[in-house]
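Across the two complexes that follow, chain A remains constant while its partner is chain B and subsequently chain C.
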Partner chain A sequence: MKRRYEDVSLTWIPVLIVAIFLLPFMLKGMTFSYKYYLFVLNMAGIYIILTVGLDLLSGYTGLISLGHSAFLAIGAYTSAILVDQVGIPFILSLFISPLIVGLFGLLIGFPALRITGMYLGLTTMGFGFIVKRLIIAFRVWTQGAGGLEVSHPVILGFSFNSDWDNYYLIFTCAIIAVIAGRRIGKSKIGRALMAIRDSEQAAEATGVHLAKYKMLVFFISGLFAGVAGVLFAHTSHFISTDHFDILLSIYFIIMVLVGGASSIYGAVLGTLFIVLLDFLFVPQLKEVIQGMFNIESGDIQSLLFGLIMFLFIIFHPTGLYGMWLKMKIYWKLFPFNPKKRLI
Partner chain B sequence: MKKIIGIFIVIGLLVNGCGKGTSSPGITEDTILIGNIQDLSGPMKELGALLPSGSNLYFDYVNENGGVHGRQIKMIVEDHSYNPQKAVAAAKKLIEKDQVFCLYHVIGTSPCEALRPILAESGVPLIAPATQSGSMSDMSRQAADLIFHTDTGYDKQTRILVDNILSKNANAKIGIIYQDDDYGENVLKGTAIAEEKAGISVQREAYQRGATDFAGQVANLMKGGVTDVIIAGIVKEPIIVMKTAVAMGYAPNFYGTSPTMDHRISLAAGSAGEGFTSVNFASLWNSDAPSALLYNELCEKAGIPAKMKGMYHFYGFITAQVLVEGLERTGKFPTRTRLVNALETFKNWDGGAFPPITYNQNDHAGTESVILVQVTDGVQNVISDWIE
Partner chain C sequence: MTELLTGLLQETVSGIALGCIYALIALGFTLIIKATEVVNFAQGELMMVGAYVNFFFVTTFLSNQGEPTIGIYLLAFGSSIIFAVAFGWILDWVINRPLKDEPIFSVIMATISLSIILRALVGMIAGPLSLVPYSPFGNKILSVGGIVISVLDLSIIFSAIILVILFYYFFNQTKWGVAMQATSEDSVAAQLMGIPVKRVYGLVWIFSAIVATISGILLAPRMSLLDTSMGFLGLKAFPAAVLGGFGSITGAIAGGIIMGVIETISMGTLSFHFEWIKEMNDIIVWIVLIAVLMVKPDGLFGEAKVKKV
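Presenting the complex of A and B:
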């Protein structure tokens, strides 16, 4: 019997993991401001965990969510309360908090059984607003809108006190998330989710239980967002309602779309692309663009993101991962260019 | 033996640089580099343009006059869009990549709160955070020894306003319209203290940041028989609230916290804004206070457009004066620790706009008092001395 990954070369994965492990050392050797780059990478790592889950929901299943910053917030606040106020160890919270977020995912999954598209997007957006109000209302635990200080992650007595330590914690979780996301995507569940996305009627006719799988994917997506939330809270050390606004949810959608929906690697690429663009390249481009056009520096980021979204949707809807696959096929068939062959 | 010990001490001092001062990040032979984080693309973007411009007006003046101990002040401004996570990223960039000497005038309570762990880790001082939240001068919090506040907190402002209302009318029924965020949180803290002190109950009406419709809140205050309304908003909120009240035939006395001190409020609210009383933690930009006179002279010289001049532009200017005074006191060989120590020597320092500022190891609040400013015939007039 043919095994699942028989056709795929997986030799590059250990190389990539070693490269991820060595990256901080390389950065330290290259620049004195390596701590800043590590911080940016840590943020990307946390967002990767979340966008992998969002990709399963929006990319694989076609269910739009504009409430993922709220899932992130629930994970962050739950863990902060569990660890700092209830007193449970961080490692336990890393498992319990995502489960709680997953249950909130199930809650949102209910309306998804009856509504889709724009209406689901608006429902999830409404969920985001409700969560924000609830955080303010439960000020006894959350300190309201004033924000909450959160402790460092501590695992088996080791305290993750710096961006360097956090990097290894975050990217260990990110690698596990990507592997888990890939496994789910390639499994029976993944195939059922894609069938639902392509045609609900056809999926149901072939025996896919719509309600079960829709609820399940919301739960799974909540789990991923929960893990991201736990890491977000304990590596940021401070959380407030201002961290989790609607714009962040839109950024997550942009990350998935730019990377290429319904591809886990695409979610990773898209997240890295957007975060690095936002924190490393836009600041470099700001002065150039400001010199060329009379635009306020604050508007340049919105302008660039809008432009990128527009260009990807119009010219490359399969995203960065689609681009990579095309390049791979082109290279494989070289010198027999597939486009020329079609002509 | 004594000679040898003496030689070792001298070598030790030289190695440590104690004799001449160690070189600190952000300090070169001719420059002091400071970092500022503003909201250039978020809900407070309007202020994000004004505050650094006001600060640069004073830095340019200082630089033209030889700088601070021969060093020119250079300020890098980053954007946080009022998102604490972006504020952290911007601070990391300023500290790690740009190697600034200190952070200055970072806007917003939650962005400033989010910076505490970085300040504690890096030892970088934050001078004059651009928020009147009382939490900034809470010495029990993380990195409190590195944060030097210049403004009287919202909690104290609210308490002073309630006291003032009750001193005029002991039977006043007070209501408050507050922004449901970190700003409002601090205002509510002051409200609770005032309620307990006076044995009264204040009617609370919340609104979300960015709201443009206050009919519901005004109707509730009207229904509750409120005679005096405190508006804890920024610029557009008091204008809309007061105009809505007029449209609904409701005429209580209106008061505002310091962010509502902008002179554009009286211009835009027109007759609805007559009698509006707000508090401020500094002298007015168009008054005859020494800083205000210098500010107006420099604005004219630099050709600052009239629409930029005002409370917020002036706020950037006067906090820059505090920073420059701190840098002057730090001496010719500045380090971050020396800056902190120098600021802690402020004792009733009168810069010409703020009430006298005092800092010490146990108190980084700077000021505790406010003045009351009332709109009469469309013009803002100071109607009190400094009140604590």
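Presenting the complex of A and C:
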């Protein structure tokens, strides 16, 4: 059988998967507050699913999306309505809701055939605002700005009640998402997307169907965001429009760019970095700043993320994954390193 | 019927005042985009910083003097402009020079991160509470034939007109203005002709910061409460600029005013007559944006761009 693509070494992937599934037990053995860490990891897992999709859209294809939290919101609300009000089983909703979000992706992909760059950023940003407002307007189903309570996920009679159970559900999906994203990125589709990013004219001249691939990547990105939305709604039990604002969309882009655009592992790294920083480091930093300067450190989180983003763009545009690659090459060549930088 | 007409006229007048603010913000980033092709998403935050700095100066001077007089406002205004010059010059070094030839994606994200940094910094320094801004005009209103207009709105409209005339004069009649035009036309050719392109870029950023500061000072009393969410208003100036034609100064001004009028009318008369429009008030600008991009992406006054391969 012909292999589709050659990876350097795949042996570490099963090891990593086993490690991910043993991690909760290790945490439980190590700390008493393991429940909080599991909650943080769950958040990271959900966002990883979304940023893998966003990376295909923004990193691989170079189409900027400043409204990705709207896709997350549509997924979350669709699933909440389907499961709790229509009565569809959770496992079916996990497949249907992302498809609906994918259709919304096509809706945004349609104008994206004509507009690019900054205009696309504005359009997606506007899409985010419009979706948020529409969710409030359809208050018959969504209960408006007050928020909506969502049931626990139930698969074949087993109810996922705690962060411990949710961890396995979320990370099963996340691992599938990362592998799928990697396969897409390495396939014909991924190469076509990168060709579009580098030069639309050249891509079209070599036979890449621009409209088809742009629509496709919006659809795929919507699918990933939809899965993340479904998991988000059912594992956090409560959703409201306040959560899905423009700042969240910006954080998603920050995750992708800090990790390193156009590499799936980069998106994973960046998401883990930002989410862990957000939940584990920012609260401590807040206390320190309050103690030192005696001022209300209101929005230290966005200050920190903005600074990180800014420094990465100016000094290290390839992100964390680029750093890792550079290190790998350095150690491979160790005693005979060329003076010139390779990356 | 006459009631409806007066209502519409009333909303048009206050819409023009709001639109002048949009036009000034749009003017700020249009200057930058014309010269340097950097899209500045932080323009609204520059405006917010201007408003806060002006507030700080007014309170500082007031604590020495006691009674607010027109002199204090002018002094604070002048100090804010000096601050804006310094701020614009710093931004040129921090944002413009490192990002000169980066891809558009990086530029957008860098200015967005600048905007969230500024918002967080101002929030930290000024504290979480909203401030009540000072206004030299108070709550005075004029009434002309049943249409009420506040002196504040009039001041906004007049300042916008004066600023636009000044810019027009500067761009077309002075040496530096012509140098700026040449730079935005073709920066390499301009450099070959002996124009100090880097200094021109610095000047553009300084101008843009000044325009932002002035619009912030004008807008703050109209908001009645000053807080960091004022920067989000800057985002609404982008649809306005797209409506007028992105990258053209006439387009920025016309688009801003039209958008302001659309927004006030939809908030007033239309919401009064149609229940469902009330829900759409804060997203009407974005709906207009998407409609414009679908129908006529070059806007009302923009030139059609032909992309060369």
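Note that in this section the second predicted complex is superposed on the first by the 320 of 343 C-alpha atoms of A that agree within 3 Å, B and C clash if a C-alpha of one lies under 4 Å from a C-alpha of the other, contacts with A are read in each partner's own complex, and residues count from 1 in each chain.
Operating definition for what follows: contacts are C-beta pairs under 8 Å (C-beta built on N, C-alpha and C of every residue); 3 or more make two chains touch, one makes a residue touch a chain.
Just so it is clear, the structure is predicted and the values come from calculations on it, not from any experiment.
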| item | value |
| --- | --- |
| Superposed model, chain A: greater residue contact from chain B or chain C | C |
| Contacts of A:Met118 with chain B and chain C, given as first, second, both or neither | second |
| First, second, both or neither for A:Lys35, with chain B first and chain C second | first |
| Chain B versus chain C as contact partner of A:Lys186, first or second or both or neither | neither |
| Which of chain B and chain C A:Gly147 touches, first, second, both or neither | first |
| Which superposed partner A:Lys326 touches (first chain B, second chain C, both, neither) | neither |
| Partner chain(s) touched by A:Phe310 [first = chain B, second = chain C, both, neither] | second |
| Touching partner for A:Gly62 - first (chain B), second (chain C), both, neither | second |
| First, second, both or neither for A:Ile250, with chain B first and chain C second | second |
| Residues of chain A at both interfaces, chain B in one complex, chain C in the other | 136, 247, 296-299, 301-302 |
| Chain A-facing residues of chain C, complex | 39, 98-99, 102-106, 108-110, 112-117, 119-121, 123-125, 127-128, 235, 238-239, 242, 246, 276, 279-280, 282-283, 285-287, 289-290, 293-294, 297, 309 |
| Chain B-facing residues of chain A, complex | 32-36, 39-40, 43, 136, 139, 144-147, 149, 162, 236-238, 240-243, 245, 247-248, 279, 283, 296-299, 301-302 |
| Residue ranges of chain B touching chain A (in the complex, touch as defined) | 39-42, 45, 48-49, 79, 81-85, 88-89, 92-93, 95-97, 99, 108-111, 113-114, 116-117, 121, 135, 142, 180-182, 184-186 |
| Residues of chain A that touch chain C when the two form their complex | 58, 62, 64, 66, 111, 114-115, 117-119, 121-123, 125-127, 129-130, 133, 136-137, 201, 247, 250, 253-254, 257, 261, 295-303, 305-307, 309-310, 313-314, 317 |
